[in-house]
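Below: a set of structures, written as structure tokens.
Shared between the two complexes below is subunit A, which has subunit B as its partner in the first and subunit C in the second.
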Partner chain A sequence: MNTYYAANLLIFAGVDIIACIALNLQFGVSGIVNFSFIVFQAAGAYAAAVLSMPPDTAADYSFQIYVGGYQLPFPLPWIGGAVVGGLLAIPIGIVVLRKLRSDYQAIALLVTSIIANTVITNARPFLNGAAGLALVPQPFQDQIDTATDTYQYVYIGLTAVAVAIVWFVAARIVNSPFGRSLRAMRDHELAATAIGKNPVALKMTIFIVGGAIAGLSGAILVGFLQVWAPSTWLYPETIILFAAVIVGGRGNNLGAILGALLVPVGFEEVTRLLIRLNIGPPNLIPALEWVLIGLFILGFLWFRPEGVRPEPRRVFEGSPEPEVERVRAA
Partner chain B sequence: MSLFVAAFGFGLVSMSVIALAAVGFTMQFGITNMINLAYGEVMIASAYVAYYIDQTGISIWVAMIGGAIFGAVFSFLINRFIYAPFMRKGTANLGMVIVSLAVSLMIANLLLPIVGYYSVSYRERFGSIVRLGSVVLTVNQMLIIALAVVVMLAIHALLRYTRLGKAMRATAANPTLARSSGIPTQRVIDIVWLITGALCGLAGTVAGLDSETFAIASGAGFLITALAAAVLGGAGQPYGAMVGAVVIGMVTELSAAAWSPDYKQVVAFGILVVVMVLRPQGLLAKRGALAAAG
Partner chain C sequence: MSAQPDGPMLVAEDVRRSFEGMHAVDGVSLDVPRGEITGLIGPNGAGKSTFLAVLAGTLPASGGRITFDGEDITRVPAYARARRGLVRTFQLPSEFAKLTVLENLLVAAPRHRGDSLLGALMGKRYWIADEKRLVEEARGLLHRFGMSAKESDYAGMMSGGQKRLIEIMRALMLHPRCLLLDEPMSGVHPRVIEEIQHYLRALRAEGLTIVMVEHELHLVEQLCDSVFVMAQGKLIGSGTMASLRRQREIVDAYLVG
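On to the complex of A and B.
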């Protein structure tokens, strides 16, 4: 197994884990069906790209047109990606999360995802349209030769640090009083409102936090791939992440990580193996892979809606249930 | 100016296509409480069925019936074997949205290896031209408009003047009460899936004919315009969807003339955003034949 293959696998896994943790915060913990999740990842990727690239008038870059081009050093593009992902969540959240019923929210977000892709594809001067951005600089590429094994390890390390930070933040959120409010809202919005929780504020906050984490995942991905185009963030990509969170177990971060390793990473690897076997027409395997993802979602929602690793039942001191259990144990 | 008059003509055609799609979509939602995100893919599948019939030399207007029958049977089966069991199991509305999106993904990717990636078109996509003042339309486009008018009147008659229509409205308003009053709601819902599925198949074929070429990837666009019209009019309400179709069809075509045809869907989306911010219940809230479910 060569280093590049390992780096590829680990970095994709890291990006998928970060994305699944963010989606889990929104969907698993808070009950927001964010069908435009991939748009936030894309926004982060584009932001990181134009922050790190030279202006589009530069010699090697004149074949594409885009806004920005600030040549900022690492880690500013990654931070910028997260900030843009979070900022984008504000207008979308204001339109979608305030008045609409939850299933309307889901379809509104789905439509947003499709339309955002259409706009970016057609509005070429903004982010180079359908062709997308290429030759995105990698972090530290001036200091370390990107063709070496060392660089692959550095990038794996950077990704691992990002995963650790995101994991820490997500764990803090899930276990905090704020996280409890989110779960209360998810389980019974009316009851949560009745005890003084503001569901719109809760949803907006987690939508922005999730958007920022999604943006970071996009920034990491674009720094590694060095290209980003509308065809990489079509709306079915969001469905893969949903499949991951559903399979892994909604509402707990470990489940999200497990799902990320099982679904996006696992499928990627299986496809790689199957394509080598050359069965059927060239597009048969990828198409069947999507069918399988659909079956995964339906199968898990039917047989095991709580996922491989179910959300732990949280009981608190002073609540009646532990008392009962203590009595029973005694 | 003549550009806009021509665009007005195209607007009439567009609104007819959208109305056919949106009324079926909104009735599914209103009566069965199901936001069927696979609607666009069923449209495309039906359009392909009509395409294969069309390729054998049979007129597209006959092939269209094949598309409608396919759409009806396919929608019925999807509901029978996927949606209905999940609903009986007590899956929440949000869960059903995810289920239908998964179904949509599966249909599109099961079709891909069968029909391929490339765009196809029906044989009779042009037809001779008819001039009405400065409005220039093809015979096909005139027939599409006529078809839409006939179908809309038929839906109106069905909901208004038949026992079945009454049963549908009752089921939409309160399924439990309807069942207690002796309405066989299960059978009503089955029939609704057949009727709306036929509308979906018809709309898919007509949309394929109107857009000259279509491919699997067109499904998402079909869904968005139907959704926009349905939500604009007030989801679940057939008359609302008709009004929504008129607005969306006309505005998108006029904007295409004034601005760029690439942004047709974006304009539809813009209208949708304005509605969602200012009037989330839709234009015809709590009016029309069917009250919004839930």
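On to the complex of A and C.
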């Protein structure tokens, strides 16, 4: 395995892990079916791109049209990506999360995803339309030659730091009394209201936190790929991440990581290997990948709805063993 | 208006709630006396549960005024009423199924340092003292309600009667001044009904005000100090259960058919 291939795999894994942790906070812990998740990753990617790129009047960049172009040094584009992801969650959250019932929220968010993609594809002057942005500068590219192995290691390191920070934040949220309130709201929203929780405030908070983390994942991705276009963030990408969280274990951060490695990373790798076998028409294997992901979700929801790593039971110091388990053991 | 120590705990004035032209609650006015158990009875569809929901704020009122301990709370949202000590329970089981029994109680505790995004990000050391104190308090309630052995079990695995108890304990974690109970004994084993009655009497003895919607009239008779009767969204009578049984129109409207 050469360094580029390994870097590619590890950085995609890191980005998917970050995204799955964010989606787990929203969907697994808080019960928000955010079918527009990929839009927040895209927003972070676009933001990081235009923050790091020169203006579109610059010599090498004049073949594209886009807003901004601030040439900010690392880590400002990554931070900007997270901020924009979080900010975008505010208007979408206000429209969708305040009044609608949760099943309609899911539909509204799916529609939001499709609208956002269509608008960005067609409104060329904003972010260069369907062609997308290219030649996005990479972090430290003035200091380190990006065509070296060293640079691959640097990028892997930066991604790992981001994964660690996101893990730390998510763990603190999930294992706190605040996380407990989120889980209570997920289990029974009206009852949570009746014990003094404000469900709109809880949902908005975690929608913004998840949006910011998703934005960061997009920033990391665009800094590595150097290109970003509407075709990379179509709504089915969100479904893959949902599959990952469901398979890994809803409500469990470790499960989110496991799901990210099993579904988006695992499927990509398996597909890549299978394509070499040259079976059937050229699009057969990628198409079968989608069929498999669908079957994977169905299979898990049917046979193991709690996922590979279920949400942990919180047992307190001095607590007795759960009685149900005691009875089963006897 | 400030709270009067001997005035009514909860006052409804001409409270209305309609659903697309249907008047589920049609101008109900009543005073809930402090420190008593007040019953709310009436035939199916009388609007009792809707009225209770309007008092708790889980359904907004279409009109009228609600005063809680001297404060006008008509426009206060449900979660804020709960924080002020007006706490409701539900007719159907409403436990947090994937939280343990102990967590179901802890989650209701108000003003927990770790119960905000910032508090959570500060880390365990910032909120562990609150948590320890509340675990002790919750364990005290579990002990009192005879459910200590179940604290680590998922609430969703509990029986119907145990879920009722969890809901009452959860409400008590808020240190309420007034409990609104929606048929707390429906679908519960007779032995557990006796337990719940015992606990409600004990809570009254501690000074808690309780309003209770209930179908079983013998339970109402045993528990409630005074009773309000609703039919077709209106209040049609009030008094003790014994005096209500002597009133002709109430007997006609409800007690017989």
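Methods note: the second predicted complex is superposed on the first by the 314 of 330 C-alpha atoms of A that agree within 3 Å, B and C clash if a C-alpha of one lies under 4 Å from a C-alpha of the other, contacts with A are read in each partner's own complex, and residues count from 1 in each chain.
By our rule, contacts are C-beta pairs under 8 Å (C-beta built on N, C-alpha and C of every residue); 3 or more make two chains touch, one makes a residue touch a chain.
If you're wondering where the values come from, they're calculated on a predicted model, not measured in any experiment.
Looking at the shared chain after the overlay, A:273 reaches neither subunit B nor subunit C.
Legend: residue contacts after superposition of the two complexes on their common chain; A:313 is shown touching subunit C, with no touch to subunit B. In the superposition on chain A, no contact is made by A:59 with either subunit B or subunit C.
In the superposition on chain A, A:301 contacts subunit B only, with no contact to subunit C. Of the two partner chains placed by the overlay, only subunit B lies in contact with A:100; subunit C stays clear of it. Shared-chain residue A:288: touches subunit B; no touch with subunit C. After overlaying the two complexes on the shared chain, residue contacts for A:239 are found with subunit B alone; subunit C is out of touch.
Contacts of A:147 after superposition on the shared chain: neither subunit B nor subunit C is touched.
Of the two partner chains placed by superposition, only subunit B is touched by A:119; subunit C is not.
Residues 35, 37, 82, 85-86, 89, 91, 93-99, 101-103, 105-106, 108-110, 112-113, 117, 220-221, 224, 227-228, 231, 235, 260, 262-263, 265-266, 269, 272-273, 276-277, 280, 294 of subunit B are the ones that touch subunit A when the two sit in their complex.
The residues of subunit A lying in touch with subunit C in their complex are 169, 172-173, 175-181, 183-184, 186-188, 190-199, 205, 209, 251, 311, 313-317, 319-324.
Chain contact summary for the complex, subunit C toward subunit A: residues 56, 58, 77-80, 82-83, 87-90, 94-100, 102-104, 106-110, 112-117, 119-121, 123-124, 127, 130-131, 135, 148-154, 157, 167, 170-171, 173-174.
By the touch criterion given at the top, residues 31, 33, 35, 95-96, 99-104, 106-108, 110-112, 114-115, 118-119, 122, 235-236, 239, 242-243, 246, 280-281, 283-284, 287-291, 293-295, 297-298, 301-302, 305 of subunit A touch subunit B in their complex.
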